[in-house]
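Shown below is the structure under consideration.
By letter and in written order, the chains are A, B, C and D; residue numbering begins at 1 in each of them.
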Amino acid sequence: MSSPTIHGIIGYTITPFSADGQRVDLDALGRSIDRLIDGGVHAIAPLGSTGEGAYLSDAEWDEVSAYSLAKIARRVPTIVSVSDLTTAKAVRRARYAEANGADVVMVLPTSYWKLSEAEIIAYYAAIGDSIGVPIMLYNNPATSGTDMSVDLILRIIKQVANVTMVKESTGDIQRMHQLHRHSDVPFYNGCNPLALEAFAAGAKGWCTAAPNLIPQLNLALYEAVLANDLTQARELFYRQLPLLDFILKGGLPATIKAGLRLTGLEAGDPRLPVFPLGETGIEHLRKMLTTV
Amino acid sequence: MSSPTIHGIIGYTITPFSADGQRVDLDALGRSIDRLIDGGVHAIAPLGSTGEGAYLSDAEWDEVSAYSLAKIARRVPTIVSVSDLTTAKAVRRARYAEANGADVVMVLPTSYWKLSEAEIIAYYAAIGDSIGVPIMLYNNPATSGTDMSVDLILRIIKQVANVTMVKESTGDIQRMHQLHRHSDVPFYNGCNPLALEAFAAGAKGWCTAAPNLIPQLNLALYEAVLANDLTQARELFYRQLPLLDFILKGGLPATIKAGLRLTGLEAGDPRLPVFPLGETGIEHLRKMLTTV
Amino acid sequence: MSSPTIHGIIGYTITPFSADGQRVDLDALGRSIDRLIDGGVHAIAPLGSTGEGAYLSDAEWDEVSAYSLAKIARRVPTIVSVSDLTTAKAVRRARYAEANGADVVMVLPTSYWKLSEAEIIAYYAAIGDSIGVPIMLYNNPATSGTDMSVDLILRIIKQVANVTMVKESTGDIQRMHQLHRHSDVPFYNGCNPLALEAFAAGAKGWCTAAPNLIPQLNLALYEAVLANDLTQARELFYRQLPLLDFILKGGLPATIKAGLRLTGLEAGDPRLPVFPLGETGIEHLRKMLTTV
Amino acid sequence: MSSPTIHGIIGYTITPFSADGQRVDLDALGRSIDRLIDGGVHAIAPLGSTGEGAYLSDAEWDEVSAYSLAKIARRVPTIVSVSDLTTAKAVRRARYAEANGADVVMVLPTSYWKLSEAEIIAYYAAIGDSIGVPIMLYNNPATSGTDMSVDLILRIIKQVANVTMVKESTGDIQRMHQLHRHSDVPFYNGCNPLALEAFAAGAKGWCTAAPNLIPQLNLALYEAVLANDLTQARELFYRQLPLLDFILKGGLPATIKAGLRLTGLEAGDPRLPVFPLGETGIEHLRKMLTTV
């Protein structure tokens, strides 16, 4: 399977809600997508962790998925997160995303019960068999509760033909080293404060919600790496690190939505039980956004 | 708020599926409930982890909830698990369960994003405010990804009036010691291989799926504790420990459903991505069931 | 090899130092040993963690070992901790203890470099081969950095004939369950706040420094277990639990030495870098000692 | 205090033993030191983890320390590891090293009992007060059992004037980011497979035993970083990564001594309980050394 060339800065969308939190605000979603593209991201990933995909009803998920893909309209490649608690539901989402034009689907093995390795492989195989677009395997034990070892990831890649990319979000750079040593699968970094080192280690891209707020710095870091200028990359990384640390620690939906509001795009609050960013955090974020 | 007297052996139901996995098999569910009651359990808990509540659609969840409560028909007290990924959805389930006759609802702070302590407290408060029946707070980091400290649990009890019971499933007996030292809240054990020690430490009940298979042994252990006969309790515990270890390690839906099938009650398989028990496991379980 | 019957309350000695911390105070050591025996302990363990064995020079270690064994004079059985950083040094200590009359030696696999299972087995074998008295294998990852699985412990027991007892200090009751299920080796509890449950699970003894301060309560708990009176055992356990939690959290050398001082036996302070108990802690301990 | 300029590749010495393991082989030690200097290392660190300092008697430690410093004879700066289990012993070693010409001493808070933050600070202060040379603070929870947070490290630097350098061996790059964000203390990497990323993040040096075997590759990586050539640095890093992974996983004393033997320098085996490298490992190492 020939993959689209996914590389560089891959921007994650939020899912804006109405003021009462009951409805998705598609208009605000559209404007946030345009911002990302205007900011220069190389690809867009709707409905990821940042997009609160886990907190949407099936109907809302479909609505956001279809709208996002239509709005992006192939201006950049798209990667839609389709994970769900049962295999059947994840397959349904994957097919829906493909039918609506997704270039790639991203799959995290979410589960209530801890899955065995055989169960994880079968989960990927079931999704892979049901679609014709590539899968970006996504490892993020902090949210999924499941940590896939590099060995397991390599076995999935071998057994499921359309798993052709890996997004690693453990923050453990050794995982990327092992992927590089034992395979030529392109890997992408999903841990914001690891951006510099992941690129140093050869990551092909950076999956991040940060371009909603600081696209120029994100892009400049990537460009410094492409230009083989480590000194410049390091300087750019440390300039944006306080904000990267902040959005990781504060939670992506809460901090990104607060940052959008601070910069003129009202996207509502995260859905409960997740809190919006508190006063102190907003003030801190405002200062960071005006000084970076 | 006066709690119903929840104590002793609290049996968890499975959710039987049709052979193709698409539908809930209510008839089999009814028979499994009658088995638990005939076996002598002191209370029944539908839609817990064992009941694959996380893998049901909302419509299925409602159907199983209403049917279970009607079938139990107050023969024993009921505790319905109502956790869901958003506060709004958990509130809806809690109200539905209450409206259909649940004596208690059980709440686990499931979330995709890791919750702060303030977010967890607000989650319990929102559910508590919306219903008139007691809440059994449920701590199980292995499935929820959130570990509530004893200190946090005690603050929730203080702030949310109808949180009046605690189910502890970490398997760490020191949590029960601290609950006992610093509060008089009744606590219940949710870790099967800790049954003996939890009772020794003063647990008021044991939340377990084991009575689907070995109700006599579960009840006899509780009765030995009530009779202050530690020697007998220890002997009974070690007799059932291999099976308790087995169902924990093999996964409750898979092992309990396999055990029901082995004893004449066809309840289908767990929903994918969870696998049914494999051949070796079934053979091992068969031997254990015939020799305990 | 026939083991001495080690059971019940096994009291750990502290190592008293002179006011300047430079010398061992053998006179105070002798009085602390007499206290333990007068208190009714069933065995004494010199030079354990509480005894600051790791902080003594070789000459001091020999002095304390020989003096303790002479002072105990077989009034109760003795278990001398002989662990050291190299195999050669541990063998030397084991031989020295045996030559001076130790009934049992206790061995913890201390090491700077993390040991493989083969290295741990060889360590026990080398010590076992060099002495004629039994070894109590000691598992305590919190101090040694090495956590021996139950499977490894069972292999050591099988391969090294004079490893005939296990002291488990992980605080994980499941380890004791597994030892009980898969072997008939007597196991002893080394985690103070697990005392009740370890006895419930069948532990043959409790290795503890608490009898330096509250021997009656420690002994009464054991006697309640022997009398098959779980209710009484639970009541006695919860009475002493605050003190057991306190000495574990505050560090055994600091809290036990402070408690001895409060009860009239001056034993000096722990050796630096370990601090003596602070003012607040001393006040708290004083209250606990007068009210238990 | 003005620090010597410690930077670049800091080579760690092994401690060679005679064939029977009883004596230190000073002649072999001298040759291994000459090798390191001939290889081009920028500094030498005797008696670190690789040097089995923890397994030497006091007399041996003094002998190795004095001999190493005399042999190096200020051809490169020296950093002597002086950690010991008591404060008094660590102070003695620090003074001894300074008296024998060490430029810097390295201090790891080794302890049998887990130390509080106040105890750790006092430990560093006591050593700092007793010497006139700078201290490199060393954080390595894998061997010491104590993990110092960045916050604690920064407080130590503030309170103890001659703690002027930090060696970080957790392998967690975020620690280096935080040191960089909140201080201008030079930091050094002690985790071999993190060499590339630590330099990318601004580490001033790499503390490593690898130059005993592959000094050219180690130095070339550092030089590529100085030359701002990330592409070259990455390529050089991945070339040596298999060996770096191997010596970390196999244990430094065992693998480095085996590698020295393979390359013509007989340095004996590690001291028991640490095993020498096994046959398979030796064969694997031989291949790596001939192909890198």
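Operating definition for what follows: a residue touches a chain if its C-beta (ideal position, glycine included) is under 8 Å from a C-beta of that chain, and two chains touch if they have at least 3 such contacts.
Since the model is a prediction, treat every value here as computed from it, not as a measurement.
Visitor: Report the chain whose CA-based centre is farthest from the CA-based centre of chain B.
Guide: Relative to chain B, the chain whose C-alpha centre sits farthest away is D.
Visitor: With chain centres taken as the means of their Cα atoms, state the distance from chain C to chain D in Å.
Guide: One centre to the other, that is 35 Å.
Visitor: Measure off the straight-line distance from the CA centroid of chain B to the CA centroid of chain D, and report it in whole Å.
Guide: Roughly 52 Å, centre to centre.
Visitor: Give, as an integer number of Å, the spacing between the C-alpha centres of chain D and chain A.
Guide: 39
Visitor: Any chance you could list the residues of chain A touching two or more other chains?
Guide: Residue numbers touching two or more other chains: none in chain A.
Visitor: Once you draw an edge for every pair of touching chains, what topology comes out, line, ring, star, complete or other?
Guide: If you draw each chain as a dot and join those that touch, you get a single closed ring.
Visitor: So in the complex, the part of chain B that touches chain C is made up of which residues?
Guide: Within the complex, chain B touches chain C at residues 171, 173-174, 177, 180-181, 193-194, 196-197, 200-202, 225, 228-231, 233-234, 238, 241-242, 245.
Visitor: Write out the stretch or stretches of chain A touching chain B in their complex.
Guide: Going through chain A, the ones touching chain B are 21, 49, 52, 54-55, 85-88, 109-116, 118-120, 122-123, 126, 142-143, 145, 251-253, 271-275.
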